[in-house]
Amino acid sequence: MTAHDGEALEQVRHHAQRLLANIPSQPSALRVRDGDVALDLEWQTDGNGARPIESPAPGTSDPPPDSGTTAYLTAPTVGVFYRAPEPGATPFVAENDVVSVGQQVGIVEVMKLMVPVEAEAAGRIVKVLKDDGEQVEYGDQLFALEGADAE
Amino acid sequence: MTAHDGEALEQVRHHAQRLLANIPSQPSALRVRDGDVALDLEWQTDGNGARPIESPAPGTSDPPPDSGTTAYLTAPTVGVFYRAPEPGATPFVAENDVVSVGQQVGIVEVMKLMVPVEAEAAGRIVKVLKDDGEQVEYGDQLFALEGADAE
Amino acid sequence: MRGETALRKVLIANRGEIAMRVARACRELGIATVAVYSTEDRDSAVVSYADEAVHIGPAPAKRSYLNIPAIAEAALRTGVDAVHPGYGFLSEDPDFAEVCRDNGIGYIGPAPEVIARLGDKTAARQLMAEVGLPMLPGSVEPLQSVHEARNLADEIGYPVIIKAAAGGGGRGMCIVGESADFADAYTRTRSQAQLLFGDPRVFVERYLTSARHVEVQVLADGMGRAIHLGERDCSVQRRQQKLLEESPAPLLPPELTDRMGAAAVRGAVAAGYLGAGTFEFLLGPDHEFYFMEVNCRIQVEHPVTEMVTSVDLVQEQLRIAAGQPMTLRQEDIVRRGAAIECRINAEDPDRDFAPAPGVLEEFWPPAGPFVRIDTHAFPGYRIPTSYDSLLAKLLVWAPTRPEALRRMDRALAEFRVSGPGVRTTIGFLREVISDPRFAAAEHDTSIVERLIQQRQVKEDSNVAAT
Amino acid sequence: MRGETALRKVLIANRGEIAMRVARACRELGIATVAVYSTEDRDSAVVSYADEAVHIGPAPAKRSYLNIPAIAEAALRTGVDAVHPGYGFLSEDPDFAEVCRDNGIGYIGPAPEVIARLGDKTAARQLMAEVGLPMLPGSVEPLQSVHEARNLADEIGYPVIIKAAAGGGGRGMCIVGESADFADAYTRTRSQAQLLFGDPRVFVERYLTSARHVEVQVLADGMGRAIHLGERDCSVQRRQQKLLEESPAPLLPPELTDRMGAAAVRGAVAAGYLGAGTFEFLLGPDHEFYFMEVNCRIQVEHPVTEMVTSVDLVQEQLRIAAGQPMTLRQEDIVRRGAAIECRINAEDPDRDFAPAPGVLEEFWPPAGPFVRIDTHAFPGYRIPTSYDSLLAKLLVWAPTRPEALRRMDRALAEFRVSGPGVRTTIGFLREVISDPRFAAAEHDTSIVERLIQQRQVKEDSNVAAT
């Protein structure tokens, strides 16, 4: 148990506090571990539950936005991307829709967990980049957004 | 006998011809070998014998000349540098002397072989850089020369 | 994973040098590989080395290398036969092993029940005590009250150590020097255990003041066959972090290490162990040894054993996981010479071993006879800040320990690592191996603290002198 | 060098990877080192690695690494106890060994008389025939006339080979297929021998059309003790240049290699050999072996033997040269598993293996389990044009030859070398080890020519297709 012990308990606590401060909805469970440093948070994933908002990853393997005003909504986990709450239903969003921060725009299913995709930025959807049912990896671009941040 | 055999006989011959073309005095012996590539030339080392003039080494560990007109006469071999033909005798050259190409300016003794140091360039000696009896390595600067090449 | 006769494709649920180690073993066995990586590791060596790579999450390990659903999803999507957990991260998490099993993904390691049982200090102690492994005097069952606990401690004699049943890696433990201090320490350790592990159970045992950390490598095929591959001495530690490991453990009579090996094999069979595992023992100055815990994974220091036994432990893991019966027998294990491993960490020994990462402008490991390097770093590599600071493992082999120490010193001296902000443990490790008490193998687990104090004394006197 | 019990300082009269190899062995034994270097090697690895360095001459080897007075002067000036000649250059020059002896400088190798005798093919053949080493049917004494020579050739049966007595390394030899061609070839080989070696003597022997090159490593302490360390198969050659070596020689019965080893030991004792040496044999398809020559030096491929025997041959050279009696006995030499060496040369296999030097922008050798690298190169190194093109030796070990081949393939695939104009043999070596006949060990010394022809055929058909 000695290989990955570099981070001390203080750090874990500190991270827990920071993480909690950034989470809009109250988790249903919080567990701090120290064996190889874990920090578990759980939510009721009833489809409406929030998921933790992470600050955008410092960089992904995808190309940077090609224009100053284009942003991307990305996959919050590896999994299968769904545009609608269930087969045959109306997609959460379509091209030209205007989305606001926190609005659900899709689902990524990972090991039967339905992880909602929520807009991390507001704007108008100019392109849907992944099809319904398509496999995605973490950070894959799902929607291209044009800035409506000022509204 | 396979490690260093890359150079073929033709190359050895070619080098021998080039070398001979650059040597002012006829050697007393020439031997071409091929086992690990050798090319022996011998001269009568009676103090007046010539030694092969090599084109200047492509670079040495010494700093480059600090002025455009300063050249250096360097040691033709590792050994002990002598400024005079024998102990107590007048040095071959002194500061402010003007030397011509091929003129003997010193001796380097290596394993009891007396290798004459001959000027590879003409000019006026502005500084003697090694003392009589000092140990030198190949390429060490012995004399600084200021250009009298035009004469 | 049982019943198969070969693995065709393996997912490596790890990063760093061990991910490269597993990928190399797979390639040598003709097994295709899938790397998983966090955003911070997207330019890592294993991502380009593996046949496929899946981006499983952002830099924080919780959302990538500890993210069970993401890794399981990657494994199912890429159609691997099995997952190699490496060390650290999910390597001893029974939940992960169980998720793999439930989804028909092979797990390269023991069954989840075995991991769970051996991961519980109390359960492991009970099991090992039953098959006769020597225990430090103390409680086998968790203690029920402070009264019971202090009576036991008084009986054992001080110093004693109070340990969390769910603990590990040096956390959740407390050394008590005398009876008067016991009650406070007991209450404090229980609260800490509850906070750290969600489990307040503790037990008490004799504390050895001058002990060595000696562990035994085992391989078991889950069909009742288990062998040991000798011991490793890991006494050079700083705050439970190993810095240097070696095999054989110096100055131990073969009769003793044989007994330790036999004890480990007995324990492995009793636990129904499968794969590569390690039995950790504490060894007193009187050469009595005591069971500590079982590590249900390949360890950082496994190459030390590979160099003295010539057995490729990761290949053996893969063969066993493929359900192949183990062909190695105990009598095939011939141990020759001495091997030492130094962990080259990106840490600053002058600043309390604080991580000192950065971009490696220069990274040129040593080479030549009887030297081995395991690393994921390369010139231009940016050391990530989210994970541990292990940069490379440097190993040497020689016929004898003194020769191995000289070889290690020449190899450490060859190692060139530099970059803005980058500091390493290379210089400190050279101090360790040139320490007279270490060279004479008279050291114990206090060696690193002693050397750090010597450095500080030297520094202070240098400051005073100027 | 006899009578001393330890060396304090050694001059390394060589360059490249072997200079690094010797410097490492010295450092491990606590021996100070002196490097000598030509102008072209002034930024070489060994110059900064050694404790001292002497600039002995310009780039051409004749005036630097073959310059006996300059090297002797450097040795005397720096006060070394002995000189290590490495391989190539002055390593088998009896004059150099004699100059060392005359000046009280130890020479790490046999006495000059032994080097001279074994370097003369005729003298060596005579000596080895006397102690019962098997010879190819042919002349032991040099031939006196074309008449005598042709009679002998007719008697032996064609094809025969005419060899210069003073020759070596594939120069000064000629294969004759039938009697009618003999006289011309005889006259031509004599003239060539005179030109190349200053010695027109030639002899004639049977030419084996499908032979393997198998050599035996010996160590002798000059006090009558000699041992062998098994054989190496060096059949993968291109124009007498070895590209890949391995031990054991595949598919040979141990009884045969034992006999070859015993023959080499007998020869070493008869010659009064001292230090590390190699007996080269040709091995026919019928498993009959024939003495070829003795190499009076450490060889490029010595690490192959080090990996299967765990003996450090360069350290043994240094111990023997220090006059220490050899403690290794024949029964201590236990050979385990299989080792392979690949020579990574800066050559272009697509242009007839022409040297392809340049500056190494990228140079990242493989690592991990059971891999060894010996190299003088590093990122940013400028490959000199004056010397051979050996850039690195890559070795692997595994329990069996098929496993070693797979490991070598993964290691070759990891090796990253690039720079403007730089080409290497890495890709070609991967073709060699994946060749079905090589993998089945059914190859002989013609393997490289066959693979080159296959490449050309493939290229031609590619060109035709486009």
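Order of writing sets the labels: A, B, C and D. Residues in every chain begin at 1.
Basically, a contact is a pair of C-beta atoms (placed from the backbone, for glycine too) under 8 Å apart; a residue touches a chain by one contact, two chains touch by 3 or more.
It should be emphasised that the depicted structure is a prediction, and the values quoted were computed from it without experimental measurement.
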Subunit D omitted: connectivity of the other chains: A, C | B
Centroid distance [mean C-alpha coordinates] between subunit D and subunit B, Å: 34
Where subunit C and subunit D are represented by their mean Cα positions, the distance between them in whole Å: 43
Euclidean distance of C-alpha centroids - subunit B vs subunit C, Å: 62
Topology of the chain contact graph, where touching chains are joined (line, ring, star, complete, other): line
Chain pairs that touch, as defined at the top of this document: A-C, B-D, C-D
Residues of subunit C touching subunit D in the complex: 20-21, 24-25, 27-30, 49, 303, 306, 310, 312, 314, 336-337, 364-365, 367-375, 378-379, 397-399, 403, 406-407, 410, 413-414
Complex contacts: residues of subunit D adjacent to subunit B: 39-40, 42, 54-64, 66-70, 72-74, 76-77, 87-90, 92-93, 99, 103, 166, 168-172, 195-198, 237, 240-242, 293, 295, 299-300, 355, 387-390
Touch list for subunit A against partner subunit C, complex: 1-6, 9, 15, 31-40, 54, 57-61, 77-79, 110-111, 113, 135, 137-140
